[in-house]
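Pasting the structures here.
Below, chain A partners chain B and then partners chain C, in two separate complexes.
Then we have the complex of A and B:
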């Protein structure tokens, strides 16, 4: 085959759609920047403010450590409770939503319910629960439980939809009742992924539980917000450092658990 | 109806259409006695798998009747279907083991139809079941592999576990759907020998779907030739002649 003929055959077709799309995105980004009045002068002023703010944060002030500890413990409890409840409710929800095991008249409404749980940001849900249930940790637990359900139930359902149906078929053919089919042919295929999702959700619930306090739903967030409002930036810094330390610790622990499961 | 047909499997006018108007099985009649190996041969897509899956209702027949020891299997639902299924063992082409469970757990899957949920969950099987599982694993030569995960086994070993699982049900009938098509020729013969020996000892009749005509001749007492969704040959292996194979598979260059 001659070189010219090979070149004419074109191994990779140009993707004009993608090129035009990227170009349009770049043009819109420039346009949006001008609309929002983002320019160098504004950026320079912002950096100056930022510098002063950072200077007031250091050194961090841990003298009110009892308040800090109390808030952190409450956040931790909110996260643990919301994760446990969310996982417990997500197990049946995930099974019901999996289209390969559930009939459509169960799977479709369950999917709609899970989508509903996911549709609102957890802070908005927390505000709703604070209004409905009153200030405090109960609202935080309820909000994060809803968020966990929306997240894990969806991942559970997707993991179940990806299983091999061959063992399911074999166990059914042996005359096993439905619950035994789940126990022997479905759960072993998804168990390690489920544990992974649960650890991840616990992780993000730890992070999220530090925020719901800002809207009055319990935890360290309330303390943090109060410190911001009183311009106690050194205390803010202490709180932020503690949160970061906690998240790092959670990261290390969940990494260890995941490695042990493999 | 003869007494022999009532002890065993009886299929009358079996029709299966996956798409309306395009039958895969076209009114199939078949009697299988209560013992022995019956091999079903025929080209791919002619409905061999559909036939045996209709028997344990993994596939829903469109029309016709299937009876095992006189009991109608067609039309069973829910608990009655489960009770019927646990009398019918099945061995699959790709073994269909639960890869993340141990060999022992996979064999005990054959008892799930008999075992209450809490016992199955806590692995508290009756001692007699455990005993029998070990005996079967001894018989298939895998008892030292009992605690290993099924995905650690080779193809031949997995199919042996599949056979042990099916026999664990204590079945009245064993269906084998291309049990050796995923195996190398030597292992295929070994696995078939094992299947024939164990089902012979347990006096369980076997319906064996198989591509390999030579293996069918060697192991079966009766051969059913299918083509186009109907039976075109039914007789002992000695009676199967090149003319019949032309009828079953079409053409003759390959013979």
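Then we have the complex of A and C:
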């Protein structure tokens, strides 16, 4: 290397591409903020309102605890049933969607179906089921079952596609029927990951089941939304604290179960 | 002597082997028992109206008939404008989330911030942000800012802080201490240690998290309008409330298209970037 080049070489040279990118991002942020009608006056007004809102939330009001308990229990039931149904349906769906086990004319449509289940937000699915099944917990169960199917079946299919095919070939070569191939060659390789997906989905069903009530699909969400609409912010605070406590508890329990199963 | 005194060489093979210890078996049975009991309780006591269940197929068919054909003429300009607004909410919300999450992540990472109480406080902020759902955040911000896209943007941002902050602080804690120590030993100021010691190591995780969260936020911002927080959800809610199911179908198709496009874009960028 010549002396001039060495002198020109600079430690920690500025990265002009990254700086331009950051500038573009900042310009976009300002543009989007004006498009969405976000400005300082509005933010300042909002922070004033936020203070009043917080003041009305405290202290939380637990006097209507019966209503709260009823809603929470219904949310728990929705989560339990939706997880169970979703897991049961995901088992065959995942097997059908795995490209190394099933022929393409089964795998491709199953994959498309799973993608469809995943792409719509569970609240939108809940709206459609409220129309089809009427108000109540059943619509919530159906909506969360669809969401669980989309998540578990997709990950399960991906896990199956990563298995080693040697045990499958060995069991097939020994003349075992299809069910035995699944039971003794495929499932032992993916069982622990499947349980992991199921626990994760149970966790998120628990969170989501507290929400589907906003569109009338049962659970504590309906109570929460009604309390918001009636400006009962102290009751809202009580409901939110209960939900957060439940989710904390669920995280602790599912962590324990995961450790025990490992 | 007799042959009986010679130990049977095949005896170990005939021994009954068990995979789990009795305690493990007991705990596994307990887990199953709890699962079955919970399901039985849920099935027995959940509030299901049999009449609604009986005419569900009929209602479903009715819904699909009313949705078909989708009212595509409705797409421009109403749905289109709302769709653009949704994308703005998702993107601006993600940017705002990063602006809020980076300081919290720095406080939460034990190798960056040595003060234990600050670590715990930051962890608490992250957990609280994650355990409140984005729709609930939207309800709160609608009460603060009034209905509109501002509430949606803040809801997306506050919900994302927990997710982004947790992953960033984990990435920070996994960095190798060498470069930062070298810079400190050379007398570099705090900013330079951050920028040249930590940032190059967390950069891949940072962009990965940003893309992942943006994808999630596009999905979530589509429903925020149901509680009045702007975006395409408002159009969807209006169409549902007027029972204009052909317009609902149009909106759903638009949401579906945007979600798929966002996923493809994210996959492409990720493949090139990481």
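Just so it is clear, the second predicted complex is superposed on the first by the 234 of 262 C-alpha atoms of A that agree within 3 Å, B and C clash if a C-alpha of one lies under 4 Å from a C-alpha of the other, contacts with A are read in each partner's own complex, and residues count from 1 in each chain.
Definition applied: contacts are C-beta pairs under 8 Å (C-beta built on N, C-alpha and C of every residue); 3 or more make two chains touch, one makes a residue touch a chain.
Quantities reported herein were computed from a predicted structural model and do not represent experimental measurements.
In the superposition on chain A, contact of A:65 is made with neither chain B nor chain C. Counting the residues of chain A touched by each of chain B and chain C gives the higher count for C. Of the two partner chains placed by superposition, only chain B is touched by A:171; chain C is not. In the superposed model, A:12 makes contact with chain C only, not with chain B.
After overlaying the two complexes on the shared chain, residue contacts for A:35 are found with chain C alone; chain B is out of touch.
By the touch criterion defined above, A:183 reaches chain B but does not reach chain C. No residue of chain A is contacted both by chain B in one complex and by chain C in the other.
By the touch criterion given at the top, residues 12, 25, 28-29, 32-33, 35-38, 42-43, 45-47, 49-50, 53, 73-74, 76-78, 80-81, 84, 119-121, 123-124, 127-128, 131-134, 136-138, 141, 207-208, 210-211, 214-215, 218, 224-225, 228, 233, 240, 243-244, 247-248, 257, 260-261 of chain A touch chain C in their complex. Considering their complex, residues 56, 58, 82-90, 92, 94-101, 105, 109-110, 112-113, 115, 117, 120-121, 162, 165-166, 169 of chain B touch chain A.
By the touch criterion stated above, chain C contacts chain A in their complex at residues 27-28, 31, 38-39, 41-43, 45-49, 52-53, 56, 59-60, 63, 84-85, 88-89, 91-92, 95, 127-128, 131-133, 135-136, 139-140, 143-146, 148-150, 153, 196, 219-220, 222-223, 226-227, 230, 236, 240, 252, 255-256, 259-260.
The part of chain A that touches chain B in the complex is made up of residues 166-167, 169-177, 179-181, 183-185, 188-189, 191.
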